[in-house]
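You will see subunit A twice below: alongside subunit B first, and alongside subunit C after that.
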Partner chain A sequence: MGTEAAAAVEGKAKPRTLDQQRKRLGLYMTLPAQLLLLFIVAFPLVMQLYVSLTLWSPLDGEDWYYAYKSFTWFYNYIDLVTNERLWDAIGRTVLIMAVVVPVEFLIGFGLATLFVDSFPGKRIFYSILIMPMMIVPAVAGYMFFMIFQSNGPLNQLLGIDTVWLGSPNLAMIAVMVADIWQWTPLMFLILLAGILGVPEDQLKAATLLGASWGQKFVRIVLPRMKTVIVIALVIRAVESFKLFDLMFIMTKGGPGVATETISVWIFKLTFNDLDWSYVAAIGLSILIALSVFAIIGLTVMARASKRMNADVVD
Partner chain B sequence: MSSIELVGLTKRFGDLIAVKDLDLMIEDKEFVAILGPSGCGKTTTMNMIAGIEHPTAGQVLFDGVEVQNVSARRRGVGFVFQNYAIFTHISVYKNLSFGLEVTGVPAGEIERRVADMAKLVRLTHRLEWRSSRLNVNELQRLALGRSAILGPQIFLLDEPLSNLDAAFRAEMRTELKHLQHQLQQTMVYVTHDQLEAMSMADHIAIMDLGVLQQFGTPLEVYNKPANLFVANFMGSPSMNLLPCRITDEGGEVVLDFGAGGRLMVEDESLLALCKKAARQDLVYGVRPENVTLRRGEKEGRGLSLGVNFVERIGARSIVHLGETDHEIKVLEGNQSPTKVGETLDAVAHAGASHLFDAQTGVAIR
Partner chain C sequence: MKSHLTLANGVRYAVILIAVIAALFPVAWMATMAFKPVAEWTTTVQDLTWLPKEPTFGNYEFIFFGTSDQLIVSLDRSATGPIFASLVTASLGTLIAVVAGTLGAYGVSRFGVGKNLPLGVLQLRLFPPLAVLIPVMIMWAFLGMIDTWWGLSLIYGIVTLPFAFWLMMTFFDEVPREIEEAALVEGCSPWRVFYRVTLPMVKAALATTILFVFILNWSDYVIALLLTRKDWVTIPVYMNALTSAMTGQMYGAKAALGLIAVIPPVILGIIIQKHLVRGLTFGALKQ
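== the complex of A and B ==
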């Protein structure tokens, strides 16, 4: 009896099965990476939240952890909501997104449909087409900065002397052109992959059933590419929201603040004004806003894909 | 009315000649099978008839009218793909109605015709399903129905049964033949399965390496193969083909099989073939079911060979005799008494022997 009880106690003391042991080992093995990740993600976030609730600036001559001395609760956030410069920057950012993403999508999709069938020189054209994407955005920005100079090649070619980067509306257009030039290739690549994923046999079958090119496109290619299209649009929308390099090099947000996007404004606040607590508040607000959009978007997408995979269709 | 005529049809893919100088006449309402091993050019031929592939040279004529310049979309040819190419992202109903919708048939008529076709291919209870949910047998019927609903006069089927399970394949064979009678269409059927070709087709076109080997009724190609390829390809187990030399021994015609033995030619039809032979080197052919195994036959009346093994496949037994270069197979009954190790005389039935020119492979007739 006694030995049995002892055995039972001992059994209770080490309940670990092989599986549990493995899991524990896994935890130990990944712990360094997890700690690192925690440090990289969580720590800056908490620090950002902390600083954003103060009026701390590096000009104060105090280290950031003494920021509580100028603690102001939500002053930065309230100021932010009423700051027209923010709303203008958001407006411009959204405007750029609303113009460049659809244009890039349409051109990219058009080019992609041309590249489905083979034609002489396809490889060369393909390489040329995706080249802009490979160029460092800062370099591309500088290139367009040169092109759009008042005495630059564009004006010389057209025989006009328009001040592109010096006038608010034209500067916006110039930056959009640069962005479209640089990022249409990405759209093209993603959409081409999507188009090539449409089973060729189904397209042949549709042809033999009498479908025209347009009918095949609408009835087979588009529905089959839904997911790819959404992914391409989301990637570009997010990227264009973060637009910085091109804009900063071409206009620095100018003339005045006429082409200031959110990224450019944050850059100026950070490095010109050194108003870091305010920047922390902006960054956090945008993170939260974008997260909300992302969650809404993902929910919509999940619902759509659930409907697509439903067994019965209407 | 829809006949298909192929004249000098050739298709090259770079250096590869997929189809070479093909002439073929397929009559109206005929069921023709194009039979051959993989890579023989049968699918390419079919694609050229449908207009998916453009011939490098030659013509395709429907009812005597050239159609090379008519796009696939307007040829009005029904086509069933090997993998069915069903539009899996839409419902069964939408698949059936696809051809009608894109050609602008009024809504009311679409509904009626889809209902009729669904009944014919037994998919009425599946109409609302997403078509990706169908099993392979249903997909097959949907593929047929989707093409048939447009009432094409010419129906092309590319190995439509190769993905099906064996039991359903037999059922589908009958059903296809039945469907063809009902729809009164000209059907071209590509297959590598001789059983499908033999059982369904009015005529069989046998192809190899892009070249038409023989065109004839199933019994013709089986009983009178035009060359060694057809002889070897048709029939299971395949025809016994033995290289031999023809010699004359004091007025008697003798076939010398080397180590396999010698055969005095007494069968009159074989004698007639021997006389037509232009060369000495020949290939002698006889189907396994046209050979009888006997004991104690007179020298030279048959080939004396040792039994290697006996395959009992149910209704029949296949007896394997002889050595590598003169190995033969003989079909015997279910209760065959033949045992391994016996030495027996294989005697061909009268009139059942074939002779082929060893060099060209062409049958001597």
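== the complex of A and C ==
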């Protein structure tokens, strides 16, 4: 900003070259990131579209660029729409999301309210509570795999002999518990940052005016935290949709296909069935669906934040 | 008033204590399992104990040397290779992400070029890796990058680029521009300004970003599962192989290795605790 203004005042010759210099440097500096992005977006997308319109599989013994020999237009996509296994997998993925995200949010929020003011031992408790999210997810999967064994420590603690990972519904619950264990700390961390960002003088003023704890919470804390809450929920929703590590290690989608999420199903199709053109079609469909959701979400959020800014100005 | 306060505090400590126990339960089970002899890996519920009855380093001996007096089976590969592979690929991936991310963030933040980058890299984070797995696998195979250190490092660098980019972007935005502009007026070239003026100012931020991105790369499972086969499998993928027809799941060996895998990110995470919120929300929130 400043240099542009300066350029206007000082005349044209020298500042313009400096501007050009800066522009060129900017291009060079962004080049690596641009190339990486292009590398992982442009070519893969085109190839994915191409392969998804064929019946190609690595078993054909021919390279992917010969896939046109089995060109079938939209056969894979039409088949997808009527594939019950897909819709079941989507349903399970959404179910997991619908359970774990609110539970993580509520526990995380509850814990965060306990950490607002200081008390002895706060720092050490805080460090312990956020530790689960730093555990390598695959290792967390192995931990819970051991814990949920029928002769494992959980059954011993509860005094039961339930077969957790071998029965469809209980296996889902076990994976949800593992996910909640691992990611509640993230909610806790983000929401605590949000609560601490609420201006203290407003709370003090409210206290002076005789507002109760509940009133302060609903009238001051919650409205101030709207953005933080949305960010926390969106991040967890997106991540829980991708759920793979925990599920794959704990159940491999089993028993049968009872705990198959989208990611686990895609993995099996790729490595067990080697149905690569079909997987390409699924992948592309997911990318398109998620992009549509993202665009809708961003539009809604942009509108909401505009309204919120207006509120603050008022 | 006083008694009310202590009651509230009592409830607070009780709730926090429950949460702490829940947070530590699985980790503690794995940590003690790592030192249990084979006979205690799986027992009946009645014989289950938290602390090993006969603590041993046998599990570590087994994963590092491939054999142990307690086990008839032996490993065809020790855990040394996978630990090395995890270290190399996570580090190089971090290098790629942080260099490209830092340069790119500075370019966007100061020179206004590459307006597509902020949202473009964010999109990388939205999509499940498995949705693009077919083209990536074909590409990596075509370029001879399956099961190589450079292939895995490259994809790690791309996958964590969004975090590096956004973190550095928010850190650059916080640096006062007056100093840079003063240096420019003094006749410094824009590159020298970046290299000699701005970069030293964000040293601490850069270190935070490096540690954060390293944790993410170290924590990967699915990408290594897809793109490595044998020579460059990382720790989590190798853990999968710690199963034998004779003994089934090798709980103790897995726990021993799991403990090694868990320690670096937990320590690094505690070091950068203050910046975790910023990192995980792509700089949208600061602590």
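Simple rule for what comes next: the second predicted complex is superposed on the first by the 274 of 314 C-alpha atoms of A that agree within 3 Å, B and C clash if a C-alpha of one lies under 4 Å from a C-alpha of the other, contacts with A are read in each partner's own complex, and residues count from 1 in each chain.
In this text, a residue touches a chain if its C-beta (ideal position, glycine included) is under 8 Å from a C-beta of that chain, and two chains touch if they have at least 3 such contacts.
This structure is a prediction, so every number in the text was calculated from the model and none was measured.
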Q: Quick one: on subunit A, after the overlay, do subunit B and subunit C clash, or do they fit? Just give me the call.
A: fit
Q.
I'd like to know which partner A:95 touches here: subunit B for first, subunit C for second, both or neither.
A. neither
Q: Considering only touches as defined above, state whether A:44 meets subunit B (first), subunit C (second), both or neither.
A: second
Q) Which partner does A:29 contact after superposing on A: first (subunit B), second (subunit C), both, neither? A) second
**Q.** In the superposition, subunit B vs subunit C on subunit A residues touched
**A.** C
Q.
With both complexes overlaid on chain A, does A:202 touch subunit B (first), subunit C (second), both or neither?
A. first
Q) Of the two partner chains, subunit B (first) and subunit C (second), which one does A:211 touch, if any: first, second, both, or neither? A) first
**Q.** Partner chain(s) touched by A:287 [first = subunit B, second = subunit C, both, neither]
**A.** second
Q: Could you grab the smallest C-alpha gap between subunit B and subunit C in the overlay, to the nearest Å?
A: 6
Q: Share the list of subunit A residues that count as touching for subunit B in one structure and for subunit C in the other.
A: none
Q. Inside the complex, what are the residues of subunit C that reach subunit A?
A. 9, 12, 15-16, 19-20, 22-27, 29-30, 33, 42-45, 48, 50, 96, 99-101, 103-104, 106-108, 110-114, 117, 120-121, 123-139, 157-158, 161, 165, 177, 181, 184, 189-191, 194, 215, 218-219, 221-222, 235-236, 239-240, 249, 251, 254-255, 258, 261-262, 265-266, 268-270, 273, 276-277, 280-281, 284-287
Q. Within the complex, which stretch of subunit A touches subunit C?
A. 2-3, 18, 21-23, 25-30, 32-34, 36-37, 39-41, 43-45, 47-48, 51, 64, 107, 110-111, 114, 119, 125, 127-132, 134-140, 142-147, 149, 151-153, 155-156, 161, 181, 185-186, 189-190, 193-194, 196, 228, 231-232, 235, 238, 241-242, 244-245, 248-249, 262-263, 266-267, 270, 276, 279-280, 282-284, 286-287, 290-291, 294
Q.
Which stretch or stretches of subunit B touch subunit A in the complex?
A. 50-52, 71-79, 81, 83, 85-87, 89-91, 94, 98-99, 102-103, 128-130, 133, 146-147, 150
**Q.** subunit B-facing residues of subunit A, complex
**A.** 199, 201-202, 204-212, 215, 219-220, 223-224, 308, 310-314
